[in-house]
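Each of the next two complexes has chain A plus one more chain, namely chain B in the first and chain C in the second.
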Partner chain A sequence: MRRVMELYGTQGWLTLGGAALLFMVIIPLLNLALPPEHVFHVPDHIVALMGKIMCYAIVALAMDLIWGYTGILSLGHGLFFALGGYAMGMYLMRAIGREGMYGSDLPDFMVFLDWKELPWYWLGSDHFGFALLLVILAPGLLALVFGYFAFRSRVKGVYFAIITQALTFAFMLLFFRNETGFGGNNGFTDFKRILGFPLANPSTKVALFITTAFTLLAVLLLCRFIVCSKLGRVLTAIRDAESRLMFSGYDPLHYKLFVWTLSAVLCGIAGALYVPQVGIINPSEMSPANSIEIAVWVALGGRGSLAGAILGAGLVNGAKSWLTVAFPDIWLYFLGLLFILTTLFIPKGVIGLIGQLRGRPK
Partner chain B sequence: MTAVKFAKHQRCLASILLVLLTGKAWALDAASLNTLAAGEVNKKIAVVEQLVNAGDAAALPVLEALSTGTLYTTETGAVVIVTPAAALDALTGKPAAVEPLEKISINNRLRQHLNTAIAALRLAAPDRALRLAAAMELQKSAGDALLPLIERRLQQEQDAEIKSLLRNVQANLRLRAPERELRLQAVKDLARNPSNHIKSLLLARIENGADGKPAEPDAEVRQAIHSAVAAIDRELKKVEYLSHLFSGLSLGSILLLAALGLAITFGLMGIINMAHGELLMIGAYATYVVQILFKHYWPGAFDGYLLAAVPVSFITAALVGMALERSVIRHLYGRPLETLLATWGISLLLIQTVRVMFGAQNVAVDNPSWMSGAWTVTPGLVLPYNRIAIIFFALFVVALVWVLLNRTRLGLYLRAVTQNRNMAACMGIPTPKVDLLAFGLGSGIAGLGGCALSQIGNVGPELGQSYIVDSFMVVVLGGVGQLAGTIVAALGLGEINKFLEPYAGAVLGKIIILVMIIIFIQKRPQGLFALKGRSAES
Partner chain C sequence: MNAAAAPEESAIRRPVPDGQAWRDTILYLDGVSVSFDGFKALNNLSLVIEEGELRCVIGPNGAGKTTMMDVITGKTRPDQGEVFFDGETDLTKLTEPEIAHAGIGRKFQRPTVFENHTVFENLELALKTDKSVWHSLFARLSSEQYGRIAETLALINLTGQAHKRAGLLSHGQKQWLEIGMLLMQQPKLLLVDEPVAGMTEEETERTGELLQGLAGAHSIVVVEHDMKFVSRIAHKVTVLHEGRVLAEGPMEKVQNDERVIEVYLGR
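Let's look at the complex of A and B:
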């Protein structure tokens, strides 16, 4: 407990507590309790947007852990995110029951493909607990196996980035096929309820929002705990001087594998929270472009800073949801320039910039 | 009952055939015209058959007119063909001064015979399309009496496609000959021209019909058919293998063109250029613009536009590449992951710019006429000219790159800078300038790749995105810094892809290959052709 208390200083804990209060109590109250015409009412679409961004923030934390602290750039984190989403989506599809368009026990797309029974890998998807298990196991096991082989043969740097990109590309192609059994290019959508609560209800939405906020807080504390521990020191050492670390008697394989798998699992959890709030999951989430966008959130916010990762996810996605509606032509220019300018001019990200402005070194 | 009738019919035709083979050639004359105009249906049919077997081209317009209902009799008993302009005398083809009186009507039975007859006569037409259509028509309807005519035409026909169609007709007819020896000979001949159609014809002869017996009565002929089918199967397998080999080579050369520029920028210089795909796209759009200009200002020389497009696409892409190197990439040397992100940003900018300039839709790039069409080696092996051209173009680009790298001063400098930048700088090599030129060269080669890609696929703003993963796979698989490795990897990937496709399907085949590459990189992180020596570890 003492070690947990030492994660942040007094000021840090106060900020964190304030943010938690804001997102877990005040915003939900302002959304639910106040009438829509009230000045302080938080509209539904803002709540939905913030919920989405908090999911992205979890992904950004996971990315920061593996890239910012360990120095391994993954261009496949969108895959783990989508796998978690698909695992949750399978449960949500089953929870529709007979209310689908064809009124069948099977999900609509299976009826459409003229399938008579569930494929074996859908077994157990009726149970929420099993879905949660799958959310962790699917990305976790894939990351574990892939990471084991990649790190064992010391694939690193750019090569690692490129083969993770190929991996997510391959999975995208796989999930686009109807025969794979995950709804082809339409993916899963038209969800009705989760744990018996209708997804269209405002209270269900707010509950999901609060759950996401709570998860984000927990993930932040977990990541903080890791980077402040001895393990975190080793990770930073892998980033900065891997050969020197090896000569000091450490085997980087296990450390890399641990943080890589953990990072993938966190992404999966974020995906599982994302899908019921957004109401759709399809293979385009696995496109290489999505995964590389995650890297720019972290780069903009500030690599090697957990707060920076969250900030970056918020800034980029906030700008995205505003620009794609207001100036759809500008968005790609904005994103492209963001990639170029952050790498050229602010390698430490916005957090580093704020630090510089305050006159502190680093 | 029907069998008897059929036999009678055959005998009747056979007798006509006999007359034809022994007697004088029949041609269109007044008597036959009169029969066509006023005779009873059976006689009309006989006349039609005679005309066809005589191969009289002059009869064709009359038969066509009869079939389309523009053949008329006149008061004087003459027969005229009515065209929109005038009435022509059917016998002489000269304008007739008489008024057409009555349309000569035909019934369905006669119409069938007419269609076949017209098709048979059209086999001699000078227009290839007409002959092709006629040969197709005969596939369905040729009767035994046409055999000698078709055999004559077969000797004169030059076009491979029509020839193979005619051969099918001939085979079908000869397989039904009454003499055992003839049938046996037919089977032997057929085995020499293997195709799926002939195989199914042969199989139809030995399969049990409705009466429980095969159509072929003779056991020895059946045996011959069995072995012929087996031989055809072997031959078809060979053709299929060759066609896979060719499409693999074609895909491989496309991959090679897409990846060759990257082999220089990434392979030699170590720059992770995620905008490489967009340089391909720029090359393709440069080709598109050249094409538009030619269409507009110089339509007469349209077939030559590719010759102009090749240097234009090279220069455009090279200039864009050099601008990128100067403005962005130069500042990121030694920071590969940052380069990756920044060049990804560049790719987004380029895509959006092209979208704004040319629209988000695909644009149409037409093949010059000498590149459209295909070379039919055998009916099962058709090689499109544009694919062949691209294979040769890939060879040309590889040769160009090889010469540039190994036989020029820039190549020498580039290899020196790659192997040891500091030492090269000490020897007085202007490394920043070499970097700039080398990146321009790589980008220009990508532009050439884009020019080639525009000839076989869609040209749109997302063109590059679909090649970027493949290009990196090729370079990584081949081994960084190895031109030969890139070539082997591209062709190997192309061939494996095309040979996997029939078994696994296109998408699954691609996935299998990606997984194979991922596993391969685990085993040999340095690629197929690893660099050895001091520069290997860095």
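Let's look at the complex of A and C:
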């Protein structure tokens, strides 16, 4: 407990507490308790957007652990996010029950494919607890196996990045196929309820929002605990001088595998929170561009800074939601330009810039 | 970690040239060959280091000095030959971290420290302790470990810089820090690659004293180009040439060896 208290100074804890109060109490209240015409009412679409961005912030933290701190660039983190989302999506599909278009026990897309029974890998998906387990196991096991072979062969740098990119692309193609049994290119949608609560209800939405805020806080503290520990110093040592570390008696394989798998699991959790809030999951989440975008958030916010990762996810996605409406055709150029300018002029990201402006070397 | 792998039967108790059993040696290389794409970096190299000895290894560029270090520390696997540490540990079967745990510390030619960590953190990372992931996550320094870090800081003359980022140290200070990191591992054998490269005269002298002070309690192999430095610290010198031992003995004898002069000065 004492070590947890040491994670932040007084100012840091006050900021965190303030943010927690804002996202877990004030915004939900302003959304639910006030009538829509009230000045301080927070509209539903803003709550939905913020909920989504908080999921992305969890992904950004996961990315920062593996890239910012350990120096391993993954361009396949969208895959782990999507797998977590699909695991939750399976449960949500089953929770529709017979209210689907065809009134069958099977999910609509299976009826459409003329399947008569659930494939074996859907067994148990009607239990929420099992879904949660799958949210962790699916991305976790994939990352563990993939990471073991990649790190054992000492695949590094740009080669590793390219392989992860290929991995997510391969899975996207796999999930596009109807025969894979995950709804093909339409994926899962038309969810009705979660744990019996209708997803269309404002209170359910706010409950998901609060859960996401709480999870983000927990993930932030976990990441902070890791980077402040000796383990965190070993991770940055891997980034800076891996051979020195090996000759000091550390086996980088174990460390990389640990942080890589943890990072994938965190992405899966984020995906599981994301899907009930946005109401859809499909293979486009696994597209290579999505994974690259995750790296852009972290680069922009500031690699090797947890606050920076959250800030990056918020800034880019906030800007994105505005630009996609204001300039739907060219917003991607903005994103690209932003990335280039960041790498050229503020290599330490926005958070590094803030630190400089405050005159405090970070 | 299962460091003490049982040596194969055929390897046990093979006598070395002067009739001494290899079990009593700290480092024993016999008939080691390594080739890269046809180039023989090490060619039937045999070398024996006694416990507590300070040995200097010299030789022209490409003589195989660094490759020898790589073989001993597990970075490169020999095509042929035996490498035994402390009498019974077969180094050719261990990974780099396992060899470090067995008690061999290595200093690189270019000073390699963790530049973004403080001097103190560098030593903390090198500290001999359980280096598993789980242990690292919850590790806290004991007061005894603090004491050891403080001792080492004093020894390498960096007490005042303890909380400075290692990347900001001078070249010589980085060399010392790296030696300090080796000492934190409490190794039996130190492999030191060019410890005085880029050092001032005064730093070189201090480094010489430091290494001589460590010999005895540790066995040390120093690879160095600086002949003046070698003649100052070495009792026994090994000259490598084209991947094998050309000459071995006290500095005066080696310096006057015809073949050594030829290799260094050309025909």
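To be clear about the criterion, the second predicted complex is superposed on the first by the 362 of 362 C-alpha atoms of A that agree within 3 Å, B and C clash if a C-alpha of one lies under 4 Å from a C-alpha of the other, contacts with A are read in each partner's own complex, and residues count from 1 in each chain.
Everything that follows uses one rule, which is that contacts are C-beta pairs under 8 Å (C-beta built on N, C-alpha and C of every residue); 3 or more make two chains touch, one makes a residue touch a chain.
As the structure is a computational prediction, the values presented were derived from the model and not from experiment.
In the superposed model, A:F169 makes contact with chain B only, not with chain C. Looking at the shared chain after the overlay, A:D251 reaches chain C, while chain B stays out of its contact range.
By the document's definition of touching, neither partner reaches A:R98: not chain B, not chain C.
Between chain B and chain C, more residues of chain A are touched by B.
Of the two partner chains placed by superposition, A:H45 touches none, neither chain B nor chain C. When the two complexes are overlaid on their common chain A, residue A:R233 makes contact with chain C while staying clear of chain B.
When both complexes are overlaid on chain A, the residue A:A241 reaches chain C alone and has no touch with chain B. Touching chain B in their complex are the following residues of chain A: 73, 146, 149-150, 152-155, 157-159, 161-163, 165-167, 169-170, 173-174, 176-177, 288-289, 292, 295-296, 299, 329, 332-333, 335-340, 342-344, 347. Across the interface of their complex, chain A is touched by residues 272, 274, 328, 331-332, 335-342, 344-349, 351-352, 355-356, 465, 468-469, 472-473, 476, 507-508, 510-511, 514-515, 517-519, 521-523, 525 of chain B. Chain C meets chain A in the complex at residues 73, 75, 95-97, 100-101, 105-106, 108, 112-117, 121, 124-126, 128, 131-133, 136-139, 181, 185. Taken in their complex, chain A has these residues touching chain C: 226, 229-231, 233-234, 236-237, 240-241, 243-251, 254-255, 258.
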